[in-house]
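This report refers to the structure that appears directly beneath it.
Every chain is named by a letter (A, B, C, D and E) in the order it is written, and numbering of its residues begins at 1.
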Amino acid sequence: MSTVRFQPMNLGRWLLWSAYALILLAAPLVFSKGGGLTLLSQMGTVMIFGLSYNMLLGQGGMLSFGHAVYSGLGAFFAIHAMNLAGAGQAPIPTSMIPLVGGLAGMAFGVLFGYVTTRRAGTTFAMITLGLVELVFASSLMFPDFFGGEGGVTTNRVIGDKILGISYGPQIQVYYLIAFWLFVCTVTVYAYTHTPLGRIINAVRDNPERVEFIGYDTQWVRYLVLILSSFFAGVSGGLSAINFEIVSAENVSAIRSGSILLFTFIGGIGFFFGPLLGAIVGILFSVLLSDYTPAWQLYLGLFFVLLVRYAPGGLGSLLMLLLRTAKFGQFGRVAGPLGWVCLAALPAVLGLVLCVEMLYHLTMEAANGSVKNLFGVAADTRHAMPWLVAGGLMLAGVLGWRRAQPAFAEAWNDASAVIAAKIRSAS
Amino acid sequence: MSAMHNPTMPAHVPAMALELRDVRKSFGKSEIIRGANLGIAKGERCAVIGPNGAGKSTLFNLISGRFPLSSGEIRLNGGVISGKKPYQINRLGLSRSFQISNLFVNLSVYENLRCAVLWSLGYKYSFWHQLGKLRDAHERAEQVLEQIGLQRQRHVPAGVLTYAEQRALEIGITIAGGADVILLDEPTAGMSRSESDAAVELIRKVTVGKTLLMVEHDMGVVFGLADKIAVLVYGEVIACDTPQRIRGNAEVQSAYLGTEQETEYA
Amino acid sequence: MEFTLFTLLNGVSYGLLLFMLSSGLTLIFSMMGVLNFAHASFYMLGAYIAYTISSQIGFWPALVLAPVAVGLLGAMVERYGLRPLHKFGHIPELLFTFGLSFLIVELVQLIWGRAAVQYAIPAELDGPLFTLFTTSFPKYRAFMMLVALAMLGGIWLVLTRTRIGLVIQAALTHPEAAEALGHNVPRIFMWVFGGGSALAGLAGVIGGNAFVTEPAMAATVGSIIFVVVVVGGMGSLAGAFIASLLIGVMQTTAVALDYSFASLLGQMGASVSPGTPFYALMNVTIAQSAAILPYLLLVLILIFRPKGLLGTRE
Amino acid sequence: MLEIRNLHAYYGKSHVLHGVDLHVKPGEIVSLLGRNGAGRSTLVKAAMGQVSATGSVKLKNEDILGLKAYQIAYKGLGYVPESRDVFPTLTVEQNLVLGEKSGKRGGRWSLEDMYGMFPRLRERRAVPAGVLSGGEQQMLTLCRTLMGDPDLIMIDEPTEGLAPKIVTLVGEYLMALKEKGVSVLLVEQKLAIAMEISQRVYVMGHGAIVFEGTPAQLRADAAVRKEWLEV
Amino acid sequence: ENVKIAFIDPLSGPFAPVGQNQLKSFQLIADMANKGKWAGDNTIEVVGFDNKGSPQESLTQLKAVIDQGYRYITQGNGSGVGLALLDAVNKHNERNPGKEVVYLNYAAVDPDMTNSKCSFWHFRFDANSDMKMEALTSYMAPDKNIKAVYIIGQNYAFGHAVSRAAKEYLARKRPDIKIVGDDLHPIGQVKDFSPYIAKIKAAGADTVITGNWGADLALLIRAAKDADLKANFYTYYGITTGVPTAMGAAGAERTKIIGNWMANNETLNGKEVVEAFKAKYNDDYYAAQTHVIITMLSNAIKAARTADPVKVAFALEGMKTQSLNGGVMMQKADHQLQQNLYIGTWTKTNGKDIKYDQEGTGYGWRMDKKIDAYVAGQPTSCQMKRPG
């Protein structure tokens, strides 16, 4: 992200973008059944939100606990706009509603940002925390606009169909979101390669020096926040269309927290990190919660382990692999890596079994002690299933013990070779 | 101090690049700069020497707007800059380096330099230009890169450069913006003889036609570069003169050089 | 008279409770610079563990054992969780504790169930301490205030009688240099974190039965304690203390004030009807906005005095 | 006093020291010379346990390689890093106080001695060390280590950024240390004082010792100087 | 045929205990229904879906369950969620004719849902807050000791509704009673209620009416005990999971409740359910609406001879049946169930008329009065659009 050669135009990039567009187009065809569409739509909105958030955190080093303020307020304005349009008082087509959200978000960026961006670092983080709590509390105090705890609802089907599109069916909404997602991704990416986008990196690394190359760091932060709050607003507008409801939780610290979480899972050091993060995050918080009551435990575990062992997020892992591949070292690590994963598998499985049975024992014991796990009925009162689970974990750990050193070895060699290649290259 | 050592009164001399008039700075109770007067003509290379804690870096910080003055006045090319913010001063054509390297550690060497040229090329806070398409920025960065001899490290993050390389980049960033008044704070600190000689060459090369003000303890460098030396002791400029005269100056000897120095620089 | 007196008394005691909650965080946050989002979770753990212990061998042992247990846990967390992350800067540390708070809530629910548990106030501390006019002041509140003050004294002694504070500050900027001078930095960090957690645990032991011991109890105190620490000022224990009292009194007195902007205008003769702009805004009484006052304070402080009340650094 | 045998040091994969042998006798000042990047700092860091190394490092005939830095410090080895690592948020005096080792009273030096050495520090005692001038920071780090009362002190480029006058001063103080029975391992850039104050000098090049002898011998040996010190 | 009902309520987070309890209640009754063939050969199954207490999450879940082919949903915790679901269900049914969904509301008590916002697709089986207040006030009216009433509630729609109704009805029935205070506090944020108690005391109230639930209610009552405030608390939700434990002895003889049923009713009607529930889940059954819902749904399915929601909905309109709290009737005009209401006081159990305690606290609800359905009846402003 930080180093780009002088390349007015670049074919590889074109290919990449078209591939991206294709994926967006094809996704609903692949994940058509069940709640697939609903999930995809949600991911789309969160992706935009994540991109906007990473403009602050990843690229600007501005840790915000209150970014939901901008997406949330954007969403509220969007939904009121929809209701006006529905009542025929404002001629705004649904497809343009995200713009309303974006502008609203931006407006609040201008307003709040002026205050918050006066400071950087921890102070900034704390101000945003205070701000989000303020906005959240007030949102419950003014039900006229925020609709109290029930929120504001709307009907996204405005007027009659325009060339067959009413935005009633989810699929149409998905494509609307996909469209905006694509546009936002392109623009945000473009932004990262503008003077402002680069200077904010400089501000992240060393604000003091930036002052001595002619830039007012406060302004840089302020402008970036305004831009990012625009995209946050867009995602808010889209979620308003998608859910047809906006409520206080849209401006809550929890929302802000979760986008921080997701973005970090994806990897704040990479442009595409937020996109990854959104996918994983939504899968965890929406999909998993349908299958198991322990989803929060899994999310917590996954997250803690990730932070602990890959602070660069999933993005960093991916990039490492890509790098090894790029330097033709993948063959060297592939085998050992495979073994490690193979070893990890039973361990994870065993863990999941244990957790599920524990939950069953403590929460649903009343409905009989039998728990159906992956199609197998296990009686949580008998030792057998526990032994199996324990055995699996043990096997996994032992396997890991065996496989890990080989992998470490291979990996180090590979990275050594790569390092050498780079040095000889420069 | 006596009148003969008094720095040339700026009023009489035309075309002053930088003028300090009775500049004072105190932190809390302690007054660090006690009415410093100094005038540097355009194109002049002036070195500031003085004991540790005399206030050299502080003086730089005052000139470059890092600290506000307590009193007095600083003029850049005739215009008053005291009270302005660092970035404003920089935009007026004054650029400085730091005693302890102060880089954008996660950005590549190339990006460090490109960032440094953006404002001076008028791109300001633009978020509509594509960096990749800014040929002038690219060329300027390349040029500096080549001047400081770091082409081979162009894609290396500044953080992992060796000490000497970092010092070079430090200078590169300082001059990249094309400012015509350059302040360097101990540019050769921590370098070996050989490296500092190289550094001197570099500095001479990149500051042709510019006004240079630098702090330096290494007399070799000082006498090698400067065509004028200002001696700062306890926040006062006790002398400002040509190298030969300064060398002869007893007051300077006692205050700064101490005795039997020459061995090493011979 | 009675009303104002008790409002004040309530304010102070609430403030002291806040201090009890946040003192541990002050230690960790403002000295180690780690925004420990799991602090509230440690508070909850303290409550639950105390509940279990006190149901077995009584409240007083729990008062000692629970904090110790939580402290040890905290130390473990620092040793195996945070220490390796230190080199990556604050954000990973923060997020680690963030994820940890998730985990702890879940574990608590696994072990103690989702509903509230019956963690009763010990008999000898139950009941009124004294009764002024017609209002009685409960013993337990007094006990809470006492413990809070004890905490203050304890921490103050540690920080002034030992060099721990200095070493930590030093290690924050140059850990290697600090070690080269013969300070076992990692161990100090571990115990400071453990100590902070133990304080949270103690707060839990006492807050748990004063209020409700339930899985949601962590979330409810979550952000207010940050407000206290930040308003008080980084690195300042006294600041945190003053801030807690300030917020406590401010909030309780605010509850007593049923004035709104509208009523104010009303007294000045201007009448406010639903027609007037910002009608809703004007009708919010101070009492209703009591809950947001701390955050308002936080934002204002950070804007106008980023150091915090008695802070030494930003 | 200090005895280093066949020391190999690594930064991750890059092998920086290739079997260095070096020793310092009690009450001796030994200088370690060499170009930038020769590996001198790495050597002292390795001895201090801050860089992973193999071989043997003995202090007072005790093996200290592999110990943690703070343990080594307690064994009486002092280290003044080349990057002036003052604790910026603490005052000058607090910095000095931190130098003392807890539970180890009655060392050779007191605060007063330090202020005596560099009066400048006394003047600045109450300001945060972060705002000190470059040179003042250099003085502070030196004094801070002395407060720990080491038996052998390793100093990495102490005269860096010091005014010539102070440089000569530092030279004298190092002699004074010697008088107090403290051995000194001095990593220097400036030949002049190194030659002047040390009994023996080592010259290092490419991570190995290329010369060992008295200053006189080094002066005599133009070849070594030419190859390993000058350009 | 197996009729599946999606139970969309909090199953994780702060409100999980309540949600869990009510889900279990549904499932227990469903079992009984299936064993007793209430719906003929059709069986009824209730499956829980976690909405984490949030309106938005609920809509996501709604989408999900519809995708999975559910045609009946039920929800009760929070009118906010209720209104959101109601709105979403209407939209869905309008956009997807032939795939209609019916919303069986068991506890969302915002009056609007059966007045201005009433819908053919929505049936409410709990008494709405106005009805409860009507009953409550008519119980308070004859009590001459009540002179000064203080209203305190959480600062959101329901809290506002309670306070509005209380003032209005008391003014109607007992103009002499003074409303000495009316407070709104943020939900779930107040740790220390003593300042509010001090206020109530200062106002000289002898009676407090509150719509608080959860910790907000428990803490309020504890603070009252601590400050030794001698006033009765008339609550809506003193019975919900968690409150009894938290309230404990502090609430004894001080806390009153208005509900549509209580275990210790005059005939201990429904004790078999209570005991079965205790036996199976070691928890207390109190959500009697679950019984009404399953009963009426079964009857409707039998009557309509199909599980098709539209037909069943028509069958439900105006249906009468017997439930735990006596005869009940689903009013055609607004789909608001008409039922008897009960008022009780938190008291030590005595094994006789106060047989069942809650959450093993040794305290239970003593029935003070049974109020007949008509007393609580409300006029409705509902204009319902019916399909076809």
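The criterion applied here is as follows: a residue touches a chain if its C-beta (ideal position, glycine included) is under 8 Å from a C-beta of that chain, and two chains touch if they have at least 3 such contacts.
All values derive from a computational prediction rather than experimental measurement.
*Asks:* Give me the fewest steps it takes to get from chain B to chain E if each step has to go to a chain it touches.
*Replies:* Counted as steps through touching chains, the separation is 2.
*Asks:* Which of the two pairs, C-E or C-D, is linked by more C-beta contacts?
*Replies:* Pair with the higher count of C-beta contacts: C-E.
*Asks:* Based on CA centres, what chain would you say lies at the far end from chain A?
*Replies:* Of all the other chains, the one whose centre lies farthest from chain A is D.
*Asks:* Roughly how many whole angstrom separate the Cα centroids of chain A and chain B?
*Replies:* 46
*Asks:* Find the geometric centre of each of chain A and chain D from their Cα atoms only, then give the gap between the two centres in Å, rounded to an integer.
*Replies:* Chain centroid spacing, chain A to chain D, equals 50 Å.
*Asks:* With chain centres taken as the means of their Cα atoms, state the distance from chain A to chain E in Å.
*Replies:* The mean C-alpha positions of chain A and chain E differ by 38 Å.
*Asks:* Let me have the rounded angstrom distance from the C-alpha centre of chain A over to the C-alpha centre of chain C, please.
*Replies:* 31
*Asks:* I need the residues of chain E touching at least two other chains; which ones are they?
*Replies:* Where chain E meets two or more other chains at a single residue, that happens at 20, 155, 186, 189.
*Asks:* Give the residues of chain A that touch two or more other chains, as numbers and ranges in rising order.
*Replies:* Counting only residues that touch two or more other chains, chain A contributes 137, 141, 143, 296, 363.
*Asks:* For chain C, which residues count as touching chain A in their complex?
*Replies:* Interface residues on chain C, with respect to chain A: 33, 35, 81, 84-85, 88, 90-92, 94-96, 98-100, 102-103, 105-107, 110-111, 113-114, 223, 226-227, 230, 234, 280-281, 284, 288-289, 291-292, 295-296, 298-299, 302-303, 306, 314.
*Asks:* How about chain D: which of its residues touch chain B in the complex?
*Replies:* Those residues of chain D that touch chain B are 35-37, 82, 120, 123-124, 127, 131-136, 138-139, 157, 160-166, 168, 189-192, 229-231.
*Asks:* Can you list the chain B residues touching chain A in their complex?
*Replies:* Per the touch definition, chain B meets chain A at residues 64, 66, 85-87, 90-91, 95-96, 98, 102-108, 110-111, 114-116, 118-120, 123-135, 138, 152-157, 173, 176-177.
*Asks:* Would you pull the chain A residues touching chain C in the complex into a rising list?
*Replies:* Residue list for chain A touching chain C: 57, 63, 115, 118-119, 121-123, 125-127, 129-131, 133-134, 137-138, 141-145, 253, 257, 260-261, 264, 268, 294, 296-297, 299-301, 303-304, 307-308, 311, 358-359, 362-363.
*Asks:* Looking at the complex, which residues from chain A come into contact with chain E?
*Replies:* 34-35, 38, 42, 137, 140-141, 143, 148-151, 153, 155, 157, 168-170, 243-247, 249-250, 286, 289-290, 293, 295-296, 363, 366-367
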